[in-house]
Amino acid sequence: MSASVVDVLKWLRHGDFPDRADHWEQAGAVDAQGVREAADAGLLGLTVPRRYGGDGWSLPEVVEVHRTMAGFSPSLQSLLVVHSMVCQAVLRWGRSDLRELVLPELAAGTKIAAFALTEAESGSDIRSLRTTLAERDGEILVTGRKRWISFGELADVFLVFGMSDGGGSCALVPAGAGQRVSPEPPTTGLRASRLADIEFDATPTSANLAVGRPGFGVPHVATSCLTLGRVLVAAAAVGVAQAAVELATAHAAQRQVGGVALGDRQLVRGLLAEASILAEAAWAMVRAAAERVEERDPEAATAAGRAKVLAARAVSVATDHASRVLGAAGLAEGHRLTRLSQAARTYQVIEGPNEVLLDLVGADLLRREAATRQGGDR
Amino acid sequence: MSASVVDVLKWLRHGDFPDRADHWEQAGAVDAQGVREAADAGLLGLTVPRRYGGDGWSLPEVVEVHRTMAGFSPSLQSLLVVHSMVCQAVLRWGRSDLRELVLPELAAGTKIAAFALTEAESGSDIRSLRTTLAERDGEILVTGRKRWISFGELADVFLVFGMSDGGGSCALVPAGAGQRVSPEPPTTGLRASRLADIEFDATPTSANLAVGRPGFGVPHVATSCLTLGRVLVAAAAVGVAQAAVELATAHAAQRQVGGVALGDRQLVRGLLAEASILAEAAWAMVRAAAERVEERDPEAATAAGRAKVLAARAVSVATDHASRVLGAAGLAEGHRLTRLSQAARTYQVIEGPNEVLLDLVGADLLRREAATRQGGDR
Amino acid sequence: MSASVVDVLKWLRHGDFPDRADHWEQAGAVDAQGVREAADAGLLGLTVPRRYGGDGWSLPEVVEVHRTMAGFSPSLQSLLVVHSMVCQAVLRWGRSDLRELVLPELAAGTKIAAFALTEAESGSDIRSLRTTLAERDGEILVTGRKRWISFGELADVFLVFGMSDGGGSCALVPAGAGQRVSPEPPTTGLRASRLADIEFDATPTSANLAVGRPGFGVPHVATSCLTLGRVLVAAAAVGVAQAAVELATAHAAQRQVGGVALGDRQLVRGLLAEASILAEAAWAMVRAAAERVEERDPEAATAAGRAKVLAARAVSVATDHASRVLGAAGLAEGHRLTRLSQAARTYQVIEGPNEVLLDLVGADLLRREAATRQGGDR
Amino acid sequence: MSASVVDVLKWLRHGDFPDRADHWEQAGAVDAQGVREAADAGLLGLTVPRRYGGDGWSLPEVVEVHRTMAGFSPSLQSLLVVHSMVCQAVLRWGRSDLRELVLPELAAGTKIAAFALTEAESGSDIRSLRTTLAERDGEILVTGRKRWISFGELADVFLVFGMSDGGGSCALVPAGAGQRVSPEPPTTGLRASRLADIEFDATPTSANLAVGRPGFGVPHVATSCLTLGRVLVAAAAVGVAQAAVELATAHAAQRQVGGVALGDRQLVRGLLAEASILAEAAWAMVRAAAERVEERDPEAATAAGRAKVLAARAVSVATDHASRVLGAAGLAEGHRLTRLSQAARTYQVIEGPNEVLLDLVGADLLRREAATRQGGDR
């Protein structure tokens, strides 16, 4: 199943992937066959070590694939994001037997995982979760409601976060009995990503499926997963930004208005240039963040936040500029630029809106300054 | 039929207009009944003098209605834009008998007019139109293809721009024989505005329906109509911006995340404040431009350009900021904020994208500077 | 002494005022003769009613003068700001006998007033002042230290804010004994505005010179003065922005690079256009705020905040764009554009930095939303 | 003389360099002793290979030093820029004997070189130079006027660009007879960089000192030098941006207003975060461009343009945000933040203003798109 970066990129760009991806977005759902093919191409195990049957890629390699995929199917990319977040939680925080049990299936894509953290009242603030994980006799009973869970409709297993007696906890919960899965209205952006609203009503799961120690899980596991998620979403945002720049450049090169190519107008060249500069800068930040995550650098979470902020800005500017270059043609419902613009809007919000991330990045600057100052005082 | 501003605003806000408008946007078409009701409410004759059966409002009054309407139905507002542009062309550039003939029907809304200027290759550059208006024996034969004509599917009459022997010309052409009207794919933004692609194949129209003298029409009539159109679209953009700010403010006031109201976060208040300041500033520019158009000020075209640039920026910022405040909830396909965001994207492009308008405004600054300098040299 | 707007504008633009203003900025101080001439031109009594010997202008007239003056002498404009703030405090909150006593001298400019609110630790947060005003036997003893007091070096009287037993208080304190006035290092921006650091050491002033009732003064008097100050500073920022646009437009019109006029480059026209649009929008906001202050509208403080935010942004963009258009020539120390750019930097900070004002404007939106909601609930 | 990066950074940060640099900026001139010490520290030969007596550093190492130095002395950094540009011209385009003759002296700093390209009428448009280089009997006579030549007052040798019979040419011209060197008014930004206006009046130089073949020099040599210059100036802009962020962070951490640390205000943290994100992104672009220049990548010129655009934006935002955080204190004439802000303004203009670079970057996108399309058509 192990794939090479070059093979995967080729598969994404030159097979029938673009057409199939287009179909999913139109239909409003990535279908099971699509997921199967992605699994066969090795995409669900990119981040999983080879000893568990994954591709064992480094994160700087992985972000290349996410960037390219998002330009065609932002929805399938979002499946890879949540699936990878669960893989990482198990790999880094799961006990050895849990890793042996779960990772091969996740890497092979025979099981699809979704990340069940968000609740209506908690946003991305993990300290205010209302879902409970009550352990009793080797079993954990999960009760609560999770919202906007990407691929919640399709997933075979959820990584559910909540509170237990010992504090925050998380555990894998197989899809099935004791749950009510309702589709959320699709977002315009990643409209094939099969969002679900999931109610757990004392759903039992084995205590062996807990990830991390209770009371230890929420702060560290969630932060580590969110950091990965932010890097991958930022990569996707850059991919969408660059796809928009490519569309706009091709249009400007070919389209004549009043006998003059659009690309001969300086203000049009300025739009293309600004968008491409921001996209390239965001990409540099994404790669730098991916390296820090790979190296388990303590600055990784901040680096991911910085990359997400800049990538969200880049994709907003790039799709906006491309819309102005393409004019009326690019506004149509079916147009690829419309899709990219809608994905751009989603990227402003998911995995932490700008305000949350700016706060995190600013607080980190102050913390480091304080550390330097104290160091200097000695 | 004459209506008061207060009555109309009340009708827009408190009748079943918001629900009906919502239905049109969902269905992808303002229906004939909707147009009829708008006509009955006096909305199609707002800018037409009372002597022709219109409401005889001043433009500063008219923009109030357009601003409010766009917050509910950007599509119906766009009908009013193109209809008003044709009314103004007839009123200011039509001969007396044409005004008597046409304006009462347009004011009453028994005839709906569309503005047929844009071609695929000309953009808003009116000197490169390919459509021809050939006059022969008291008849004008119209041949050419017009694209993205708002309400082209519904209109009873088109104001068609093209070239004749004497130069640029324009004439009213009744919908009917000798035309092929095909729906354009709807834009995500004003998706109920029934865009059409219209091919005229030696379509005959009476020479009495010409507006302005041939060879005189295109530069002056079109500029005058585009100026009006820009002011009205700018008013709509402000309306959408302010609707987004209202949605976001209400959400921030009520929503608790982690036990804290969103509105208690300073970065959230900053988002609301920035959006509202830009929207208010754009509104001041719209009113100022409306006054200049009303007074036939020679600076009106530039003032309209300035208002459109700032309003497009305001609506982009306001819907972006609102999306960040509302988070996942505001991304859903049916959500009102999604509609407003899609309209915002359309407003970046229609009636002149930023780059065209910035060029116009910059050239005007240089022209005035040259005039001052020459004045000073004497 | 009463002056007309036209006369004053003519005096500012066409006398030797520009040269004299230039000299002050170079010398780092508006001199006493300059102040005297401004007084003789009626500039120190613009906002004071005629019955007290002032010009009795409405604020919308006054901001015209401030806008024009700041383009030549940002420093003298700042004298007018602080002097006007004190005039307004006395006029609106002083007892009748105080008004009769003080306003004629202030209007005539025989006494110059400065506004002594800011302290090192309080910023513009008036609740945390450390200065005390202790009343005893018909006398108030003032103790504390005020920083960055514009024209503190030159003023004949200070309006000092501080805490008394009854809460916040303020009183006029004649310059003189019991004070230590030290020049602050000049700011690069308004470098002739003679900033002072003033220490009051149990400085006595007559209890008759108190403005407003103790415990009542700080919240209302200070807010009312700051509101006026923000409108006037916003007017100045617009004036500087427009002066920068004029400089840049003249340069673009005349300067040839490589045989092409700068003004023929679209990106240069875009820079001019964007700057002029923002400046014009900010000016509309300043006038609207001035009208609200004039009408004692309860929304005046928020309107002033909005105007200040947008004007600060406009002047930042305009001087930045002008610098790019003028290139190396505009960077020289003596160049007028350098002066304007330095003033622009000051306007980002004085009378409330953006962050404070955005917070104020955002809080106001939420407050009004809550009021509407409660109204709707009834 | 060969130095290590660590040594040089230590020397810059911890010796008396900051104080001496401060003195130069105050005095308005880097003095000869300062240049000597920089030479002794190996700074003038950083980019020169060891075989010519230089440090032989790679450009990614060199930009580290430029970044750090600019935070203390933007003026001395600009000396290193122009000196390095001349070194690179000789190294890459000079004949072997010229390299042997000139590079050791330049690397040792016993001769200081300046880059004499800019003329009043040519901007950075090298095709419209008016200076002539006329070759006759083994001698070149240089006639023309160069403006705003950094360190023109101090340089021992100029690399002069102009037109000869064969087209564009350039040659080294020793300072001395046949020249009139007049100081330009200093810029507020890099006020110690000793700008000069230099008139060459048939100044003779040896034909052996020509760099590149006549008719070949201007397009390639100048572009290669400008590319290097842009990378180094971009590095400096990042250094100034990061110094501003550090100042602002330290201030926010320590300063209390109204009993609350500035750093506890979310909008202040947002200002710090945005500035630091842009600075970090620009730094990533600078390093990427430095690597391309090092590898003589054909995309190097575009990469340098991208880095310069983003770095100019980062330093503008960072100094602006820092000014808002520091408030009145940071506006004073002598304050370090004022220096940084003034340097930021200069960086908007030198080595190509944004508009020129955006045009270059946009044109490159279109060129690559055309190449791809043609490739695809085959």
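The first chain written gets the first letter, and so on, giving A, B, C and D; residue counts start at 1 in each chain.
Keep this in mind: a residue touches a chain if its C-beta (ideal position, glycine included) is under 8 Å from a C-beta of that chain, and two chains touch if they have at least 3 such contacts.
For clarity, every value in this text was computed on a predicted model and none was experimentally measured.
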item	value
Chain labels contacting chain A and also chain D	B, C
Far-end chain from chain D, centres as C-alpha averages	B
Pair joined by the larger number of C-beta contacts - B-D, B-C	B-C
Chain B and chain C: spacing of chain centres that average the CA atoms, whole Å	40
Computed distance of Cα centres, chain D from chain B, in Å	49
Residues of chain D whose C-beta touches two or more other chains	265-268, 270-271, 355, 358-359
Topology of the chain contact graph, where touching chains are joined (line, ring, star, complete, other)	complete
Parts of chain D lying in touch with chain C, wherever the complex brings them together	118, 121-123, 125, 127-128, 147-148, 184-189, 191, 256-259, 265, 267-268, 271, 316, 320, 323-324, 327-328, 330-335, 338, 341-342, 345-346, 348-350, 353-355, 358-359
Contacting residues of chain A [partner chain C, same complex]	265-267, 270
Contact footprint of chain A on chain D as seen in their complex	245-246, 249-250, 252-253, 263, 266, 268-274, 276-278, 280-282, 284-285, 288, 306, 309-310, 355, 357-363, 365-366, 369-370, 373
